[in-house]
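Below you'll find a set of structures to go through.
The two complexes that follow have subunit A in common; it is paired with subunit B in the first and with subunit C in the second.
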Partner chain A sequence: MKTPSATGTLAAWSGYRINLVGLVSFCVVLFWALMALLAPYITPHSVGAMIDMDYFGPMRPGLWLGSDYLGRDMLSRVIFGARYTVGISLAAVSIACFTGVVLGMTSAVLGGTVDMVVSRLLDAMNSIPSKLFGLMVVAAVGSSIPVLILTMSVIYIPGSYRFSRALAVNIDTMDFIMVARIRGERLPYLIGSEILPNIIGPVLADLGLRFVFIVLLLSGLSFLGLGVQPPYADWGALVRENIGGLPFAAPAVIVPSLAIASLTISVNLLIDNLPQKIRDRSAP
Partner chain B sequence: MTNLVEIRDLRVEATTDSGRRVEILKGITLDVAAGETVAFIGESGSGKTTAAMTLLGYARPGCRICGGSVRVDGRDMVALSEKERATLRGTTVAYVPQSAAAAFNPAATIMDQVIEVTQIHKLMPVEEARHRAVALFRALSLPNPDSIGDRYPHQVSGGQLQRLAAAMALIGDPKVVIFDEPTTALDVTTQVEVLRAFKDVTAKRRIACVYVSHDLAVVAQIADRIMVLRHGEVQEIGSVDDILHRPAHPYTKELLHAFHPDGGGRVVPTTTSHTEPLLDISMLSAGYGPPQPNGKPLVLAVKEVSLQVKPGTNLGIIGESGCGKSTLARAIAGILPACDGTIQFNGRDLWQSARQRSREQLRDLQIVFQHADTALNPAKSIEEILGRPLTFYHGLRGKARDARIDALLDMVRLPRALRHRRPAELSGGQKQRVNFARALAAEPKLILCDEITSALDTVVAAAIIDLLKELQRELGLSYVFISHDLSVIEAICDEIVVMYRGQTVETIIPAERQEPQHPYSRLLFSSVPKLDPTWLDTLDLDADRMRLA
Partner chain C sequence: MKTRVPSLILGRLFIALITLTIVSFAVFFATTLLPGDTATILLGQSATPEAIAGLRTAMHLDEPALLRFLYWIVGLFQGDLGTSYANHVPVATLIGGRLLNTLKLAGLTTLVSVPLALTLGITAAMWRRTLYDRIVTIATIGIISVPEFVIATSAVLVFAVYLKWLPALSFTYDVNSFSGLLRAYAMPVITLTFGVSAQMIRMTRAAVIETLNTPYVEMALLKGASRPRLVLRHALPNALSPIANAVALSLSYLVGGVIIVETIFNYPGIAKLMVDAVSTRDLPLIQSCAMIFCVGYLLLITTADIVAILSNPRLR
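Moving on to the complex of A and B:
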């Protein structure tokens, strides 16, 4: 425990051991989640309104994060950008991990031909470079939010599949799975009730990691102009449209970059420092 | 005579997850003279291994030695720095672990690992160390002493590996050796050889031994004195003779009693030879590996086994590890479909594979696995583990299910409050009871028990056996009891089948007190340690061993 005095009482109260780094990163993640949810109610200015006479304006009262290349309020644009970045990534990571984990556990339990076919198929998909695949799909069918979500989930299914299959194969050799099998249990019970609870910890950690990858990939695509299209803008797009402000050290280009960094780093730190349940077996 | 080991008022404490302090050893005092063997005996959790480890100046992570002194050859292991302790480990005091298989590095040859100690402490040149190792291999009566060191750990048997681990400990010429349950994982027939080798070598070199075990009969063969531990306190210290014949403490009496499981208390069912058998297996073969041109698997572990179980009676299957007894259980349960032969249950043919059997057939025939640790899902509460078969087979839900879970916990003598706990929060014996209660939840006619007491202490195992007998009386079950422990099987079974190399070699009915005829059964039966301290020295197994070879 890093700060026994500060979190000691909290640990005693909740029955969980909470770590300071975890707490701080949780606050950052929560902050961005709230920003994304409440964006329309808290933005000081309309996203599209050009309110500054100057472009790449500095930070000053009223325009707390300066203005962008068209003189729009950067604060409002970053808050709205959170919606796209967090929303699209969350949707994509949910689809990717759900599909990957279900397929992975199924392959591990069924084994044999099913395992072989699914594994080779997803291995083949894994061999396509992710950015290239994204570029190709966007070039072929055009960029829209559903296309982005689906593309990114397809890109991250094979990784999630490999990961959860490896975990599930280990659990599958345990006797309690054998007991459930000779009880006559079917596949959904085996994967949902016997295997999943035993791999949920690493799977959640993997989910967080993949969320970070997707945020970065989405930002990358948007930076190349293939992601979220104007008039909407996620953080990657914000960096791109304000890249001209780099020579002027404009906050407009630094702030969205910092937003991406703070979200991805916090999610990573949060996963590494999740609260641990204190189980004291000899306690009365 | 000066004492090599002097332990004075030793205390070890551990800090739990929530920061609570628990005393593991509560003031132990003991002397061990040169050439003397003292056994630490007690149930798991009694602190016997922790006490033995303090001779190395070692406490497991989370534990610390918080008081007292441990003087080994005049130096206090508690007060020394870690660096000074390291110089003594391997040269003055050495350790033989419980599982040699886990203690050897599978990627290095045995010789390299055995002489590693001499190289770390720079005791002697490599060539000399090799010569000494070979001499030790010979002294421990290992086969091919000159070449066995060139093999890798997986190329020798478990009993040989255990002796090699002893060679590793002895090569640095230690004055004190700690044996931590070195024969617990071995078959009785191998155990005899290993015990003999240990006894010879340590006696010749006048090494002071600390022998940790929960098996009183083994300890009786090898120890001079016995220290009985429970809850971190010394219950009794005395000579082997005193402890065996004049036990003073109630726990020691309990231990002794557990060693003589009485066959009584079980109503022998009044079945005649005309009663239809519950389970009738004929010419069953099963094995592993891809099918060969003749339709048989590559390795045939069970060869043409036939046996019958009558309703309300128990069948014991005994044999050394690798004899195919667990494979037979798996074939009966349908986990490993048999390649040949028939299984009739309750007068009807069973499919070879569990997948094809009906739910009713699966329910009637339950299997309980050896390791409750892996047989219970660690992510689920006891309530969920017991509740699932109730819902699955009997459609019980809500209050009816809760009431039945309570009844099952009562049946296996577990407090009802345990239902919200996870398996990791239970003791070994409690886990095995839950494991068994899950089989009972299905309300089966026959339960296959695969080595269910092997991982348990003598006292706990005896309690489980008593429980099985009681439940049989109440519920009219039949058991097929697979074990390598003869005393357990004799206590509960009406008929004993001896398996050797995949075949049944003999059927023995304990009630008729007949003598085993087959050389292997004779070897097996006479290898079971007796409480008599002279048993090992007077034992002569070579005749039967020769006939088998």
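Moving on to the complex of A and C:
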């Protein structure tokens, strides 16, 4: 996929036009996904081992990204950080979008009181600022990883609901839904086999955007010291623990920041440059 | 023709009121879900069962949650925010000056970012598809996709570490001289301005471009109007409503932004107070701060909607 001829065949094979920005950002996303998956096999040093005599050491052979505030290898810590940042966010976004989309399609199909009550409730939840909601839950039940995943998925259910409901309402007025209703199909069939296939493109694009929001929220919480707790460290926590290196521009604080930025910007650009065919299929 | 504006605004305010009720409900229950008994936490492990029972009655802890929620709401309306667990000071005293500090920060950011963002957004739309527009667009996407603390650390790197213009992470209290004030507020305001403006530029640019695509603008183009005239005289008046909406919506970004910015720069505002309260699990303080933030956020969103209604001539 990395050579021009391969893109040519890919484009021909899939029938989609692929542009350079989209391809590059796809490669970055793929890179971080692989890092997260393969973390235990590719880290040069143990995550916890203090191997550098100096703290906030510079980049040099052997310690390619320098060392952190305890003299631990930054490269290994960033690779392992990918695991937490990508893994937790992916789990949270899957739960959020699955729940939101199912609720959204159900509301659109059922309409009436159900639709009104669910919409009103979720709208109200949407008017709690996300970071504040996170803070409150952390204050109440602490911040273990399962709690973080659940909290962040609850925070992003309303947005996903609103988006998929708007799409589903459009589909719901189509004739084939009417036909299915007359046939006597039930709700699960209506939403799973009639509506979902028609909104899946935009829903997946929305999932990508929400993934970015969740990465941002998770890093923000971890940066405040209220997200992922030691001994685990995601990228936000890595920036937090090495913030002391900021006055001398240590790589230990710059590299995790760059890692977050590269992931979120790439996902955003990837979605912006998705082939129109996927992105705008049946979008309102 | 009868005007629909008052009824629309009333409806919007009514929805805001319902939302506020649900939100305060959520805030109250999220924070009372805490495992462990408040009375035991307050009195410590060594307290006698009688003392704990006494405190429970005094604090209405043995009454149903719904009743306690009502007590809490009534207290809020009477200005009684409760007493902090951590240092037994009334929450209202703790919040007072801090709230003012945060409002100052937010106000300064608004003053800087609104003119900046509107200028950039409108000019980017005016010279659409030029190099200038591309740079603005890419920069805003970059800033939006990055967490606030990365913006803050980059700002520190550039302005404090490399250029050495400003202090790095310390909030100096010397705000008597103008230069002292400038140095103290510069870094937090710069960071917040980046985030708020990026949102605002994107929405402003989109709004202006949308009106530029309408037939009457095409008509103006055909009659030979210049590009600036086209945008400023023909498109802008009709884009005002979405732009005003965008301004209010972007400012709601401040609510999340100040939480990070106050923490990183050690700014003595209400968000820092709340983050500290979370680490000491000081529930009354968290509840009050959360309510203030939610009310502020709701106020901005509702203003955005009402401005959109007011500035839409079709509804008049």
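The rule is short, and it goes like this: the second predicted complex is superposed on the first by the 262 of 284 C-alpha atoms of A that agree within 3 Å, B and C clash if a C-alpha of one lies under 4 Å from a C-alpha of the other, contacts with A are read in each partner's own complex, and residues count from 1 in each chain.
Criterion: contacts are C-beta pairs under 8 Å (C-beta built on N, C-alpha and C of every residue); 3 or more make two chains touch, one makes a residue touch a chain.
These numbers were taken from a predicted model, which means no experiment stands behind them.
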First (subunit B), second (subunit C), both or neither touched by A:Pro197: first
Touched partner set for A:Gly112, first subunit B, second subunit C, both or neither: neither
Which of subunit B and subunit C A:Pro61 touches, first, second, both or neither: neither
First (subunit B), second (subunit C), both or neither touched by A:Asp175: first
Per-residue touch tally on subunit A - higher for subunit B or for subunit C: C
Touching partner for A:Pro230 - first (subunit B), second (subunit C), both, neither: neither
Contacts of A:Arg183 with subunit B and subunit C, given as first, second, both or neither: first
Subunit A to subunit C touching residues, read off their complex: 120-121, 123-125, 127-133, 135-141, 212, 216, 219-220, 223-226, 236, 239, 243, 246-249, 253-254, 257, 260-261, 264-265, 267-269, 272
List of subunit B residues in touch with subunit A within their complex: 16-18, 20, 22, 333-335, 354, 357, 359, 362, 367, 369, 371, 374-380, 388-389, 392-393, 421-422, 424-425, 438, 442
Subunit A-facing residues of subunit C, complex: 18-19, 22-23, 26-27, 30-35, 141-142, 144-150, 153-154, 156-157, 160-162, 168-169, 252, 255-256, 259-260, 263-264, 274-275, 277-279, 281, 283, 286, 290, 293-294, 297-298, 301
Residues of subunit A that touch subunit B when the two form their complex: 12, 17, 174-176, 178-185, 193-194, 197-198, 200, 278-283
